[in-house]
Amino acid sequence: MRYLPLTDADRKAMLAAIGVASVDDLFIDVPQAVRRDAPVELPPHASEYEVERRLTELAGRNLVAGSGPFFLGAGAYRHHVPATVDALIQRGEFLTSYTPYQPEVSQGTLQYLFEFQTQVALITGMEVANASMYDGATATAEAAAMACRITRRKSILLSGSLHPHYRSVTATALQFSGLTVEALDPDPLDLEDLIGRVGPETACVVVQNPGFFGRIVDLSALAAVCHDEGALLVVAVAEPVSLGLIEPPGAMGADIVVAEGQSIGNALNFGGPGLGLFATRERFVRQMSGRVVGQTVDADGRRGWVLTLSTREQHIRREKATSNICTNSGLCALAFTIHLALLGEAGLRKLAEINHAKAVRLAEKLQPVKGVRLLSQTFFNEFAVALSKPAADVVETLASRRILAGVPASRFYPSYPELDEVLLLAATEMTSEADMDSLVAALKEVLS
Amino acid sequence: MSKTYFTKEHEWVTVSGDEGKVGITDYAQHALGDVVFVELPDIGKKLAKGAEAAVVESVKAASDVFSPVTGEVLAVNAAIVDQPSLINESPEEGAWFFTVRLAALDEIGEMMDRAAYDDFLKSLE
Amino acid sequence: MTKTISGSRGLTIEEPLLFEQGSPEQCGVDLEEPPAVVDRLGGLRRKAPIGLPGLAEPTVVRHYTRLSQKNFGIDSVFYPLGSCTMKHNPRLNEKMARLAGFADVHPFQPESTVQGALALIDLMAHWLKTLTGMPAVAMTPAAGAHGEFCGLMTIRAALEDRGETRTRVLVPESAHGTNPASAAACGFTVDPIPANRRGRVDLAALKSKLGPDVAAFMLTNPNTCGLFEDEILEISEAVHAAGAFFYGDGANYNAIVGRVRVADLGIDAMHINLHKTFSTPHGGGGPGAGPTVLSAALAPFAPLPGVIHDDTGFHLVEHAVGSGRKPCGRIKGYHGQFGVFIRALSYMMSMGADGLRQSASDAVLNANYLLARLSSDLTPSFEGPCMHEALFDDRFLKDSGVSTLDFAKALIDEGFHPMTMYFPLVVHGALLMEPTESESKETLDGFIASVQGLARRAKAGDGELFHNAPEFTPRRRLDETAAARSPVLRWSPAGGNGDKK
């Protein structure tokens, strides 16, 4: 077996050194009744080409996003990832290292995480960031809990603009914590009144920008009201490329910013693993959960980096920790930081411009189509339309023609019949004019 | 006239009249190592004896400081928040944590004086 | 040592931060010009510069290549980090995860277009259920700690469904810190259970703490001392007799995979760290995955989504309504750590039922070989054979002036990643060594020679060597106190909370 270096001769010599007759003698603490003598009912070991054959067959049963016109978003975006990113993250010293607990032999990981933290703080317009979390949804739940610790209040208000998975993950995570989570109805037309709901009991308001249904909102007034009432404003960003073009949450008064970082540097991967970004104000840093890298000096006075503020974490605080979280999303953070290093200031801005322009083009092309009505007045690279037919049926019909035509809102909100006709459509730098024309032609046919 | 008492949790309280000044002992700071962070109670907070009153952290450990007495917090020592290293340098003098208005003076009788505390430390070796 | 003019030393090259290089107008990607449109940003165009540097592609490649050279990884060194299972990460796993049919698939594509992805999740679940003998598995937890959270949430939901209020979770003192933290996150209070002199759960103490308010007992088995809990059947019986659930922390499942079925131990829920037992890369700290196997009693309460199979194909259950389930909610966006599943399945298929069993045997053999060969120079904490990791304490360093930390740092200079130090907490100055099945006898012999040599030097009073170690690393010991006292968590142009070089 190719992954096991010991030979039978080695095993024999080692058993002799230990002073036992067989490996079974090393399992003597396992009660006899539960020891199994034979392998379980699963296939035996296989060659590399045999495994490749079986998995390639499974992969072949999926419709590849890049194989035709593709307009899906809803929190996961299909951007181009430069070849350099994937080549560098596969370097063994990155891929096969553990959490950088021994800083003398982990300066590579520590330095890139310090750079990552800086990039996240810069794009969100915040002061500090952690070294990442599982995904945008779990980061949102962590942010809401953190706001409750800071304000010592228990009431969390979730906007209808928040991604439905972020909503349900937050509600699930906090259901036994003694905190109250109020989630407003999904809100494609931006009619909800958040400001009127902020009161002296409110710990935080959680909004998404651009919203789940695409809208970009100026959050400054909401931030001001939150601060007047002693509450915090938490802003979620599902598409971080947008931060190259629109005013960042930090500039609008956010106290905590969380984001899903997948769309920079990471493939779709059917939704996982993700990359939770988490940024906040410096004064809140000790209430932040997740791993953090800090700068220091070594015994010779040279600059270096270490994991710091660990006393917030579970391995020291145990049940009093700020969170049970133990890992970050290291390799996804590495992909993110390399892609952003390649883009730089000019590249991120231009990429964002292209994404927005493509989405505007798509909206313009859809405008004259009978049975399509644009719902989002403002948007970045994704918007909501109302169709004259149930969106899920239209998407299914177009999929059979190998056009992946967006995400129907009913997939998340089956109990809101008023959303049955709502479809989310995204465009990125990967979307061509020809793709758009194929979609428009197909919609004309299906909706007529 | 003031007198200092000690607890088995390695806190000290110096009592003058109905006021108590609270800190951690040299033994405690030594066990913690270099202190990097302190969190103190709000002024006006009413503390029960044995309640969590403050947090003191080193790089590798976080420790709750339990109030050795019942009472209301009168003042806190901002200097140790700005410069936590004071706790390592001067634990039983300059680096006090907070003062309280003592609500139950009889609690003092349950604590050790210096000689008894020194004996207690010897028993830990 | 002679100082060089550049500060670099041969292959160890000094590398500034990204932010100290390049210029804002430089760029490492070529992008087309955007079509001319009237924007729909509602006047919210970003005003101030972001502050990112710009670098051409060669500069970026060199930056990250140099950074990588400052890391130890399993690819380059023996990494016996106890409790972390640093086994070989096959590159076939990486190749499979990058097939376009897996990597380039969106989580919200219509079901009819993702039958292969759903089949893969279902197949992965089948392997995990068969190996553990458990009837169900929740696939979405993103890591081990997240799996604990999932299992305890499921337990809590099951208890509420029964109309029972149980508020306490019992956790051994030797447990990973995530156990009490996860219990607290689910709203339980945590009650520690002491270890006995043999490094196992004190059964009498456990029984005395069990009662009608206990929701669950959490146990890592093999435990964090590297020992199999030989009274596990009595433990499981006592826990169930009290009406509580038995949670297994599967962090050390790699020691028994294929040799012991979790279901036979009476466990109700257990997470499996795919990055430990099933070889997916640790990646400098993630992403992991922690699918959680569940008993029949807990299965209906598993979080959403789940994959089911019928005559028409595979389906995702994304909502409770009409599902016949009583899910505890949703704990993760989308459908779990799909990319990690592919890698783990690629490994499982490669190893097969026979290979997985052999991996457990070899891991245990390697650990016992270290234990046997090092027992005369070091001080083992417990008698008898160990499982997949060997635990020593610092008695052998008594009066040497050398601490466990110093000893570990000296191992770095020898070209080995240190073992886990100061964990578990139940022995003094712990040194926990987990060689895994990936290591050859030659590697182990080389490591043994270094550890023996260092132990003898420590006893001979060569304290200075240890206090100065490591000397041959890109950085020597770092000042963690200074880092924590005034945290600098990012670069900034003005210095301040930035560059204090």
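First chain written, first letter: the chains are A, B and C, and each begins at residue 1.
Here is the rule we use: a contact is a pair of C-beta atoms (placed from the backbone, for glycine too) under 8 Å apart; a residue touches a chain by one contact, two chains touch by 3 or more.
The shown structure was predicted, so the numbers you read here are calculated from the model rather than taken from an experiment.
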item: Chain pair with more C-beta contacts, A-B versus A-C; value: A-C
item: Chain nearest the overall Cα centroid; value: C
item: Averaged-CA centre spacing for the pair chain C and chain B, given as whole angstrom; value: 38
item: Where chain A and chain C are represented by their mean Cα positions, the distance between them in whole Å; value: 19
item: Distance between the centres, which are taken as Cα means, of chain B and chain A, whole angstrom; value: 44
item: Multi-chain contact sites of chain C, meaning residues that touch two or more partners; value: 480, 484
item: Overlap residues in chain A, where contacts from two or more other chains coincide; value: 311, 316-317, 320
item: Residues within chain B bordering two or more other chains; value: 37, 57-59
item: Chain A partner contacts - residues on chain B that touch it in the complex; value: 37, 57-62
item: Chain B contact footprint on chain C (complex, rising order); value: 480-481, 484-485
item: List of chain B residues in touch with chain C within their complex; value: 34, 36-37, 57-59, 84-85
item: Residues of chain A defined as touching chain B within the complex; value: 286, 310-311, 316-317, 320
